[in-house]
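Two complexes, one shared chain (chain A), two partners (chain B, chain C).
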Partner chain A sequence: MGLLINFLDIIVFIGIFAIVALSLNLEYGFTGLGNFGKVAFFLVGAYTYAVLMERTEIPFYVALVMAMLTSAGIGLLVSLPALRLREDYLAIVTLAIGEILRLIVKTEDWLAHGVWGITVPSAIHWSGISVLETRLVNVGLVYFCLIVCFTFMELLTKSPYGRILRAIREDEVAAEALGKDRVKYKAQVLMLGSALAGLGGGLYAQYMRFIEPYMFMPMVTFTVWIIVIVGGSANNWGMLLGATLVKLFERGALVIKDYFHLPIDPINLQYILFGVFVIFLLAYRPQGLLKERQIKTKAVEVVQRWRNRCSE
Partner chain B sequence: MEGNWAQVLFNSAVTSSLYLIAAIGLTLTYGLSGFPNFAYAEFMTFGAYIGYFVSRQLGLDIIFAFIGAFLASGALGALTYQGVFRFLANRGATKIHLMVASIGLGFAIRHIIGDRWGWPPFTFGISWSAFDIGAIRVTDLWLGLIFTALATAAIMHLVLTRTKTGKAIRGISTNPELALASGINIERVNLVTWGFGAGLAGIAGLFWGAMAALSPLLGWTTILPVFAVTILGGIGSFYGILAAAFILGLAENLGTVALTQFGFSTEYRMAIAFIILIATLVARPQGLARAFRRL
Partner chain C sequence: MEESLLRIKEVAKHFGGLWAVNRISLDVARGSITALVGPNGSGKTTLFNIVCGLHKPDEGCVYFNGERIDHLSPHRVYAKGIVHAFQIPRLFSRLTVLDNMLVAARGHKGDSLLNSLVFKQGWQEQEWKLATKALELLNLLELDHLGLSPAGELSGGQRKLLEIGRALMAAPVLLLLDEPAAGVNPNLGRKIFEKIELFRRSGLSFFVIEHRLELLFDFADRVYVMDKGKIVVQGKPEEVAKDSTFYKVYLGD
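After this line comes the complex of A and B, so read on.
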C-alpha cells in the first residue's frame, strides 16, 4: 500500500516535469532559445495558482488557466530586452529573472507569506477520500494535462509553424530573409513555453499543497535541462523518456540514503553525478537518446522519390 | 544611517573593488571563448574555502590564504577549461551546450564543496581590526581589498598593453581568425587567461567570504552583479569593467540607502544589479566598451 502510494508520487512528478520539459523543448529543442530560467516560470505558475486558490473561491481549473496566462505574460516581458540580442544574453537574463522572482516571493510577506510558505487548498475535496484515491485523482489530472500538452506540441511542431521554428533554429538570418520575423516567432515561443511551464508550476502547487521559495532553486531549471538533453532535444517523445529516467534516478538517490552508508551524502552525490553526467552526455551523445526525426511533408516525399530514382 | 555620505562612498569603493576583481576573469574568458561561464561562481566559492582551509585549518598567515586561493582557483579554472570546455568545443558543442555544461560543472563543484565543508554558512573567524579615518569606519580587510583591486587594475593594464600575451588576448577577442592567421597560439592564451581569471575570482571569493560568511552558495549569490558588471562594461573589455564595477558599486550602495528610505527590504540589493543589467541590454547592449575605443 505504502509502496503503491510512493510509486504514484513518482508518477505524478514524472508527469509534471515532462510538461515543463516539453516547454523547454519547444524553446530550446525546436527554436534554439537557451532559457536558463525555467524555474522562474514554474514559480510564477505555482504562486499564481497558490495565491488564487488561497484568496478566492474560483474553481481550480480557472486558477490553472490563470497560472498559465500570468506565466505567459512574464515570458513575454522577459523576451523583450533580450530576444534581439545574441543567445547568451537571453541565457543571462532568464537566469537572473529566476533569482529575482524567488527574491520577490521570499521578501514580500504579504504576497505569499514569504519564507514561511503558502498552504494551497486542495482541488480535490470529496468527503471520505483516502490518500491513495487522492494520489490517483492527481495522476489523472496531471496526465490529462500532459496528454493535452503532448498532443498540442506534436501537432504544433509538425505544422508549418513548427517548421518555421526549426528554420529559425538552423539559420535565423536565412529565415529572416524568407520573410519570417524571427523576433516575433521567438517571442511567441517564449510566451507559449512559459505558459506550459506555468501549468507545470500550477499542477506542482496543487499536488504539493504547500510551496515555499526554497522549492524554486536553480536546480529545477537544471533538472529540466538534463531531461531535455537526455531525452533528446526536438523530440517530444524524448521528454517523456527523459523525465522518467531523471526522476527515477533522483528518487533512487533518496532510496540509497535509507539503505546504504556512503562516505558522501547521496543527495550531494546525486547532484555531482548530474553535473558530470551532463558534460559526458554533451560530449558523446549531444542529440540525446531519441534523435530528432525528420518531418514528412509532401515536398520531402517528392524529393526522396527523385533521389531514389536518380540513384537507381 | 543618517546621511553619512562619506561612509556610503567608501562602502561603494569596497563593493566596486570586489566586483572588479571578480569580473576581470569572467569578461576576458567570455570575450575569448564567446560564452558566459556560469561555473565562474564556483571558482569564487572554491577560492573562499581554500583560503579558509589554508588560514584556519592549516593555521598559516592570511597572505598565504590569498596565494592559496589564487593558485587553487586558477588551477581549477585552467583544468576545467582544458578538460571540459575545450574538450566539448573540440567535439563541436554549441554555445548553448557550453553554457549547460558550465551550469552542470558549477553544480558539481558546489556540491563537492557542500559535502566537504557542509551547507550551513559560517563566518571566517578572524576579527579584522577596525579604525576610523575621519567619519569613515574602515577595517584592514577593506583597505586590503581596495589596494588589491587597484594593484590588479594596474597590473592588468600593463599586461594588456605591454606583454605579448596581453596583446594576444586583445587580438583574439577582437578578431579570432586574424589572430590565428598572425600566428598567435590561441589555445595557450586561452589557457593562461582562464587560469589567471579564475585565480582572481578565487581571491574575490576569499575577500567576500572573509567579509560576510562562507557558504557553498557564496559564488552563486554574487554572480548576478558580476554578470551585470561584465555586460555593462562590454563583454571582453577590461577598461569597460573598470567603469562598470565603479558604477555598480555606487549604485548598489546608494540604492540600498534609497531602499531603506522608501521602506523596501534591503534584500532587494541584488535587484539593483538586475535592473542595471536589463537597462544595459535595452539601451546599450554593447556596453560601455566602445566609449573607450581600446579593448
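After this line comes the complex of A and C, so read on.
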C-alpha cells in the first residue's frame, strides 16, 4: 500500500514536470530561446494559485487559469526587454529574474508569509478521503492538464506557425528578411511557455498543499533543462520520456532511501549518476533520446506525389 | 528613361571611421536587371543590407515605389516586396528544402498563432497550393528531387540555388541577389542568369551583385561600378566595358 502511494507520487511529479518541460521545449527546442528562468514562471503559477486559494473562495480551476494568466503576463513583461538581447544574454536575464522573484516572495511577508510558507487548501475534497484517493484525484487532474497541453503543443508545432518558430531557431536574420517578425513570434512563445509553466506551478502547489520559497531554487530550472536535453529537444514525445526518466530517478531515490539501507546516500548518488549520464548523452547522442520530426502537412503529400510521378 | 522602382539617394553608412558606403545615389528601373560590381570591400553588400533594412543608413534615403523605406525593419521591407538572397546562403539547415521554401511564402494563413490552431482547414488547403508552387520553382532550379531532405545536407551549389528559390517563393517585386553565380560551376552560373532573365520577362525586377563580368554584359540592363564606397562608373554594359576607370578599379590597370 505504501509503495503504491509512493508510486502515485512519482506519477504526479512526472506529469507536472512533463508540462513544464513541454513549455521549455516550445521555447528552447522549437524557437531556440535559452530560458534559464523557468523556475520563475513555475513560482508565479504556484504562488498565484496558493494565494488565490487561501484568500478567496474561487473554484480551483479558476485559480489555475489565473495562475496561467499571471504567469503569461509576467512572461510577456520579461520578453519585452529580454528579446532584444542576444541569446546568451537572454539566458543571464532570465536566470536573474528567477532569483529576483524567489527573493521577493521570501522577504515580502505580506504577500505569501515569506519563509513561513503558505498552506494551500485542497482542490477536491470530501469527508473521509484517504491518502490513496487524494493521490488518485491528483493523478487525474495533472494528467488531464498534461493531455490538453500535449495536444496543444503537437498542433502548434506541426503547423506553419511551428515551421516559422523552427526557422527562427535556425537563422533569425534570414527569417526576418523573409518577412517574419521575430520579436512578435518570440514574445508569443515566451507568453505561451510561461502560461504552461504557470499551470505546472499551480498543479504543483495544489499537489504539495504547502509551498515555501525554498522549493523554487534554480535547481528546478536545471531539472527541466535535463528533461528537455535527455528527452530530445523539439520532440514533444521526448518530453514525456525525459520527464519519466528524470523523475523516476529523482523521486525513486527518495523511495529507495525509505526502504533500503545503503552505504551511500541514494540522493547524492542520484546526482552523480545523472551528471555522468547527461555528459555521456551529450557526447554520443546530442540530439537527445528522441529526434526532432519533420512537419507533416499536406505539403509533404504534394512532394511525395511529385516524386512518384517522376519515378514512374 | 524608364520608371524608377528603387531609388537610392545620397546614402551613406560608416562603420567606425570607415565609410563603407559614401553618398551613393542610384536607380533600379522597373522590370530591369541592374548590376552592381566592384572590388571586394567596396561596399556592395553593405548597400544591399541598407536596402533590405538590416542596416540603417547614417545619411540619405531609400525610396521604393516612391515610398521611403530606409527606417523600416527587414520584415516590413519584405512586406513592401523587396526580398534579399544572401551572398552566403542562410538556410534553415535542419528544416527540409520544402519547409525552407514554405517559410518564405507570402500571406500564409497558418503563419499566425490563432489561425494555425483554429483554422486548420483553411491553411491545409493553402499548404497544398504553396507546395505545388514551391515544387514548380524547385523543378526549375533542379532541386525538386531533394524536397524532403534537410537543407543542411545540400551541396554548396545547391544551397545557393535554394537561397535564390526561397527568395523567388516570397513573390517579390524586386529581388536583391548577392553574387548568385559565385561558387557554382560556370554552366550553372549561366543557367541561373537565364532563369533570372525568364523571371524578368514575367515582370520581376532584379538588383544583382556579380563578379562574373561576361554574365553581366550578356544579361544586365544597367551596370553601376563601385569603388571605396562610391559609384565611379555607371551606364549600359557596353558603355561600361569601354570605360578605362572601370578597368582600373576592377581589373587593376
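Definition applied: the second predicted complex is superposed on the first by the 274 of 312 C-alpha atoms of A that agree within 3 Å, B and C clash if a C-alpha of one lies under 4 Å from a C-alpha of the other, contacts with A are read in each partner's own complex, and residues count from 1 in each chain.
As a working rule, contacts are C-beta pairs under 8 Å (C-beta built on N, C-alpha and C of every residue); 3 or more make two chains touch, one makes a residue touch a chain.
As the structure is a computational prediction, the values presented were derived from the model and not from experiment.
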Chain B versus chain C as contact partner of A:W225, first or second or both or neither: first
First (chain B), second (chain C), both or neither touched by A:P160: second
Partner chain in contact with A:L103 - chain B first, chain C second, else both or neither: first
Contacts of A:L95 with chain B and chain C, given as first, second, both or neither: first
Which of chain B and chain C A:E292 touches, first, second, both or neither: second
Contacts of A:L111 with chain B and chain C, given as first, second, both or neither: neither
Intersection of chain A interface sets (partners chain B, chain C): none
List of chain A residues in touch with chain C within their complex: 152, 155-156, 159-164, 166-167, 170-171, 173-182, 188, 292, 294-295, 297-304, 306-307, 310
Footprint of chain A on chain B - complex, ascending: 34-36, 38, 84, 87-88, 91-93, 95-97, 99-101, 103-112, 114-115, 220, 224, 227, 231, 265, 267-268, 270-271, 274, 277-278, 281-282, 285
Residue numbers on chain C that touch chain A, as the complex places them: 52, 54, 73-75, 78-79, 83-84, 86, 90-96, 98-100, 102-104, 106, 108-113, 115-117, 120, 123-125, 127-128, 130-132, 134-135, 144-145, 147-148, 166, 170
Interfacial residue positions of chain A with respect to chain B in the complex: 28, 32, 34, 36, 80-82, 85, 87-89, 91-93, 95-97, 99-100, 103, 106-107, 218-219, 222, 225-226, 229, 264-265, 268-269, 271-272, 274-279, 282-283, 286
